[in-house]
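When the chains are written out, they are named A, B and C in that same order, and each has its own residue count from 1.
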Amino acid sequence: MIVLFTDFGLAGPYTGQMKAVLLREAPGVPIVDLFADAPMRDPRASAYLLAAYAAWFPAGAIFLAVVDPGVGGARPAMALEADGRWFVGPGNGLFEIVRRRAASSRIIEITWRPTALSASFHGRDLFAPVAAMLARGDAVPGETRAQGFAAEPGWPDDLPEIVYVDRYGNAMTGLRADRLPAGAALACGGRRIARVRTFGDVQPGAPLWYANSNGLAEIAVNRGRADHALALAIGSPVAVVT
Amino acid sequence: MIVLFTDFGLAGPYTGQMKAVLLREAPGVPIVDLFADAPMRDPRASAYLLAAYAAWFPAGAIFLAVVDPGVGGARPAMALEADGRWFVGPGNGLFEIVRRRAASSRIIEITWRPTALSASFHGRDLFAPVAAMLARGDAVPGETRAQGFAAEPGWPDDLPEIVYVDRYGNAMTGLRADRLPAGAALACGGRRIARVRTFGDVQPGAPLWYANSNGLAEIAVNRGRADHALALAIGSPVAVVT
Amino acid sequence: MIVLFTDFGLAGPYTGQMKAVLLREAPGVPIVDLFADAPMRDPRASAYLLAAYAAWFPAGAIFLAVVDPGVGGARPAMALEADGRWFVGPGNGLFEIVRRRAASSRIIEITWRPTALSASFHGRDLFAPVAAMLARGDAVPGETRAQGFAAEPGWPDDLPEIVYVDRYGNAMTGLRADRLPAGAALACGGRRIARVRTFGDVQPGAPLWYANSNGLAEIAVNRGRADHALALAIGSPVAVVT
């Protein structure tokens, strides 16, 4: 299974062309759109989101992940094997949190280049063909690098910021819920918010936080929109209050 | 064929994870995205939309339908067989109109639970596996209930409200066009609107209503947006004027 | 491979029902969503976008392309074979630029009609079945027409206007980059904009134009939104300055 994680959107031409490459070069391999609205041009916020959601997929899944504001510049092309899952995309920190949380990992710099490589669409021209090679069982055409390659040592292990707002207005943090102290509240938008199990545990219109279905601490409002009620967007800081 | 009807959106993680479950547990079964923008958190409006659109699909289709503001609470999990089509989702009224219009139907309360059931994502953890069981030809793991289970007796047979606004700004009502009196006009947004066959039957900029391609009475503006011109949104009332 | 190019959106019911027809009538044929947000109700702008993006696909691809504000009216139904690719959709100019750029082409007016043809959704009822016939290897059920059929002689070969704005705010023109004079600048939104190879060649926040990955001249702002910064939308004029 090839899993797509991008900031490309679905309606426009980018995801479709990338899938056309995968269908041609790895026919029969199922493709899943995980995120097409990852934090735009923001590999840092995306890295925490990807790490939380990739963990739900079984070993063997191949993530074609592209959040790549520096496309066409000097950032390397990268493949990461982490606990049996593969990640193909730009070496700009996007895979840093996946790598850091993995029990075992291997970093490869992709040195192969296609005959025709556009300056602005490596997802289609470079990363999709490599993901297809992996799906066919071929080796990644590149060189193994030390663990330090493309690392972002200044990034925390969990990010006390909003990393995604879904279409209901729920705001995901980059914090793993099971790493927070028991009874911890979250503070954001001038409010102190207590943890509950699910939406209906508070009154309609009241804020809450809970462990979402992929393990992230998520801020919501029962039958309302947390993004509007608490003025939250990607990058908004969140404090852990014990 | 498994048909998805949700308020999850396509770009974020919900539809993708649900499809990943279907691809794993019912490999080779085609999946169609019918609506990913069903009326948000609104099982009542969604029920009329689902009934109109499901009727277009042949017997044997399996609808995985999730508009579920009470997820994690007390509402039951439900499967409905109606005129040879299956519907799997929350027992919150979402299937009420389908059931009411069916010549024959059977309601099953899903009693099976997966090993890991999140509080907030039954679409992925509970309903998708059951839809996959049906697609594989297995029985629904549950108990048959009387027709009254999860019924909403106060809901009308046709809903004189807007239930969906499409991306052209056309506004669908919950009224079946062929149940309206011949010559009936619709009144909404302070305007009386006559029925025509198609857009071009009125001048550009003029409002019209017509029987849409799935049989619902739909309000549009030729080469314009009815939602803006007539201030229509999901829930806006519509009067039938004879 | 069947490639979809429409202004239908993905989340609502139109693309899903069209795919349901394709899956039933041409099972096993891969379907790619190229554009679901082509210029709305605008066959002229769409024609330049389609011509640029179709050229990337190999011969044999079947484009099911529907931007059809006159659906239900007098415009013909059309199939075009152009350099080995097929295009099925409304005869309203949408295929004019593809045809004009093709070394060899053949126009067929589709005379077949399905038993049930809605007034407003020929994509599902008429064009999808014909695309499926082509995918199965059948002939188009219609009559060959002269090249002049459905031509739009007043349309230029390249369109000096914005024809698409992507989700990053990048604005594509209807101009092929390789047809512009060397060193040409583009003028729009009161600014004169120079050509570069890729985003990072200018400072963050500065505008640029470049040949996009499908050959169109595209206006962008490094790490910003060109649509906002330069007040660009579909239809905005662009001047070539040499």
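Going forward, a contact is a pair of C-beta atoms (placed from the backbone, for glycine too) under 8 Å apart; a residue touches a chain by one contact, two chains touch by 3 or more.
Every value quoted in this text rests on a predicted model; they were computed, and no experiment measured them.
Asks: If you take the chains that touch chain A and keep only those that also touch chain B, what is left?
Replies: Intersection of chain A and chain B contact lists gives C.
Asks: Could the interface between the copies chain A and chain C be described as same, meaning over half of its residue numbers are common to both, or is it different?
Replies: Mostly different residues.
Asks: From the C-alpha centre of chain A to that of chain C, how far is it in Å?
Replies: That pair's centroid distance is 31 Å.
Asks: Listing for chain A: what residues touch at least two other chains?
Replies: Those would be 9-10.
Asks: Mind listing the chain B positions that touch chain C in their complex?
Replies: The touching residues are 1, 3, 9-10, 30, 32-37, 53, 56-58, 164, 166-168, 197-200, 210, 212-214, 223.
Asks: Sort out for me which residues of chain A touch chain C in the complex.
Replies: Going through chain A, the ones touching chain C are 7-17, 19-20, 23-24, 27, 40-41, 69-73, 118-121, 124-125.
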